[in-house]
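Here is the structure we will look at, set down as structure tokens.
We just call them A, B, C, D, E and F in the order they show up, numbering each chain from 1.
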Amino acid sequence: MATLSPPANPESNAVVKAVFDDIRHTRGSDFINNIWLYLANDPKLLQDTWSEIKSVMASESLLDSKTKEMIYIAVSVANACSYCVHSHTAAAKARGMSGEEHGELMRIIALAAKTNHLVTAMQIPLDAAFDADTKP
Amino acid sequence: MATLSPPANPESNAVVKAVFDDIRHTRGSDFINNIWLYLANDPKLLQDTWSEIKSVMASESLLDSKTKEMIYIAVSVANACSYCVHSHTAAAKARGMSGEEHGELMRIIALAAKTNHLVTAMQIPLDAAFDADTKP
Amino acid sequence: MATLSPPANPESNAVVKAVFDDIRHTRGSDFINNIWLYLANDPKLLQDTWSEIKSVMASESLLDSKTKEMIYIAVSVANACSYCVHSHTAAAKARGMSGEEHGELMRIIALAAKTNHLVTAMQIPLDAAFDADTKP
Amino acid sequence: MATLSPPANPESNAVVKAVFDDIRHTRGSDFINNIWLYLANDPKLLQDTWSEIKSVMASESLLDSKTKEMIYIAVSVANACSYCVHSHTAAAKARGMSGEEHGELMRIIALAAKTNHLVTAMQIPLDAAFDADTKP
Amino acid sequence: MATLSPPANPESNAVVKAVFDDIRHTRGSDFINNIWLYLANDPKLLQDTWSEIKSVMASESLLDSKTKEMIYIAVSVANACSYCVHSHTAAAKARGMSGEEHGELMRIIALAAKTNHLVTAMQIPLDAAFDADTKP
Amino acid sequence: MATLSPPANPESNAVVKAVFDDIRHTRGSDFINNIWLYLANDPKLLQDTWSEIKSVMASESLLDSKTKEMIYIAVSVANACSYCVHSHTAAAKARGMSGEEHGELMRIIALAAKTNHLVTAMQIPLDAAFDADTKP
């Protein structure tokens, strides 16, 4: 159940068709998942969002694509986005994340959440040593 | 400004002293940052928290320590924990995160937050393809 | 699936009946959506919540009712409240929000989330120019 | 640094004066903390907020006032509201929360945050046994 | 729908079996809810999580077990963890939380969320009186 | 205190200079606030972020610029981004938001947060009437 309906024939729009074709080509798969289908209601927003995802997540960079997906999962969990947790866990697995690595990711996310809340509860003051601005 | 004061002489408590010594030894540094100083009000909580941090973050594992710190940062940002963002950014730098890698981390966190909110705003339904339970 | 069951005959309670009648009258519709049905377990909480909603959202004010619903959606998305996103998107549409306006709302919410996370990740210090307290 | 300035002479407004007097009387103290001082910019919002706080937190009820403040702290920590964590920790201490009880509160908040994130990361499906609606 | 499948025969693993037996014994019930079933994919994480839950939530302490569950609910609501809200509401009811007490919990959570957002929106500065560090 | 230092001479970089010039020209002011100064560490991220802000917030659209800033504030409050609340409250005031309108915004944000938490605490099920997908 969504707050809007996906378009009936999304690829009748030329912008949508070009984005969907690029998604298929980039991923080497015919599967278009729901976020893109629903974003097709707004071709410009679809295009910009895909372009940013492709630039950040699907292009050559210092961080490998599996690590990038694991960071994406971490943010999505803390923001309680169920769909995002699912889609990026699937992506991380597709990029080689093993069950053991997933287990490590679970531990880091859980521990970070725990200390985030402890620190906020105690309102720990910042150590002067962490101040980047004081560095020459 | 914290919600409790750090103990006057934390290392007069044997449990606290043992934890602080282990922090110094594990890190190869005399610096004890504030989270440990304030947790020293409750030696058992200090001991358990350090033990979990050491086990998850400071021990040999599949994920390298720089990657683990970057995931920790991601969760801490989404949970808006200022102290945690500072301390784990310092830790990630100490483990070799370059300015360029930090830039990539910023982009992934920002993009994840963006699509987390887009997906929640549109209430995108889950694709059947993401269902782990249906997998044999 | 809720954490409590809705009452069997909510309108047998006089307070509940009065609130439900006022909801129907204010909205010009017989439809009572689930939040009110479940809140009827606690007639005082139902009454206070409806009274506040009516005062803030359904009365004459400087902001028009469509704008108010769009702000409500923005908060509900950031708080990851699925039901609230649905009910207030329906309300915004009922108050005239077009598909194009919904698209603009999506962009603002997504961009705000992105810069919120960027700013928190970098821990940007506040500009002195933003300090209301220094204004005469 | 706030987004608005407190009024110069808040108690020259009769509504504000009545609320401030009631705060002093209810608490048996002359101290008016900043939330009320800043809310005095909008006497109606001040009055409604204080009235709700007084009704929920300062009146006789099944839960004792110390417990209520500890629940308030828990929500405020998870919502990362620094001011609220401070003011309600002070209130809980004033209502008798000991250092040991504060330590237990820290553990519960930290553990809840940890399992909240674990559950969201794994997207654990709801057990049928938790379904209140199926109960007769 | 979860991001991983529960193990086919979890209790064929000795660690899992020991934890499940302890869960059954501690609770005096044969019911193993889903969080434990899914965590069984990672016996060490299962063991550590149960051990912490048992230590914090199921052992003798200053706070009674009903109060502890209500605090757990408060955090889980603010973190938008649906499963956690369900499981800990069931636990609080099992430990004697009445409908009236649940109603009070609702009011406190709702009011805290309201003032958390008000305070953040106005960026209320901290009162010097709240500063624990200045206390001798 | 930030997690990175602003560049010493940001405008010695041609991309940064072009963005800063465009910020000054778009706003009709020489003031460059800190988010742009710190983003100048990463000229491409600076350029992309400004370009998106300009496109969404500073260009002609259906929603007026004051309304857009108020929606931005709403998201920023719920995400607990102190800097963002400050900078967008300043922007909303600069675009004509009156004190009374700010008061209405406070009320809507506070009420939304309250019902978001109530709904999550009760896990209110979605009404069939909200289902966009069932609409022809």
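Quick note on the criterion: contacts are C-beta pairs under 8 Å (C-beta built on N, C-alpha and C of every residue); 3 or more make two chains touch, one makes a residue touch a chain.
Keep in mind that this is a model prediction, so the values were computed, not measured.
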item: Set of chains whose contacts include both chain F and chain D; value: A, B, C, E
item: Common touching chains of chain F and chain B; value: A, C, D, E
item: Self-contact between copies chain D and chain E, residue sets same or different by half; value: same
item: Per Cα centroids, the chain farthest from chain C; value: B
item: Comparison of A-F and C-E (more C-beta pairs in contact); value: A-F
item: Of all other chains, the one whose Cα centre sits farthest from chain E; value: F
item: From the options D-F, D-E or B-F, the pair that copies A-B, where over half of the contact pairs coincide; value: D-E
item: Angle, in degrees to the nearest 5, of the Cα rotation that carries chain A onto chain D; value: 180
item: Inter-chain centre distance, chain C versus chain F - centres from mean C-alpha coordinates, in Å; value: 19
item: Distance from the mean Cα position of chain C to that of chain A, given in whole angstrom; value: 27
item: Chain B and chain C: spacing of chain centres that average the CA atoms, whole Å; value: 34
item: Sequence positions of chain E contacting 2 or more other chains; value: 1-4, 75, 77-82, 85-86, 89-90, 105-107, 109, 111-118, 120-123, 125-126, 130, 133
item: Residues of chain B that touch chain C when the two form their complex; value: 73, 77-78, 80, 82, 85-86, 105-106, 109-118, 120-123
item: Complex interface listing, chain B residues touching chain A; value: 1-4, 31, 33-35, 38-39, 49, 52-53, 56-57, 61-63, 67-68, 70-72, 74-79, 81-84, 86-90, 98, 100-101, 104-105, 107-109, 111-127, 129-130
item: Chain E residues touching chain B - in the complex, by the definition given at the top; value: 1-5, 126, 130-133, 135
item: Footprint of chain E on chain C - complex, ascending; value: 1, 3-4, 41-42, 45, 75, 79-81, 133
item: Interfacial residue positions of chain E with respect to chain C in the complex; value: 80, 85-86, 89-90, 99, 102-103, 106-107, 117, 125
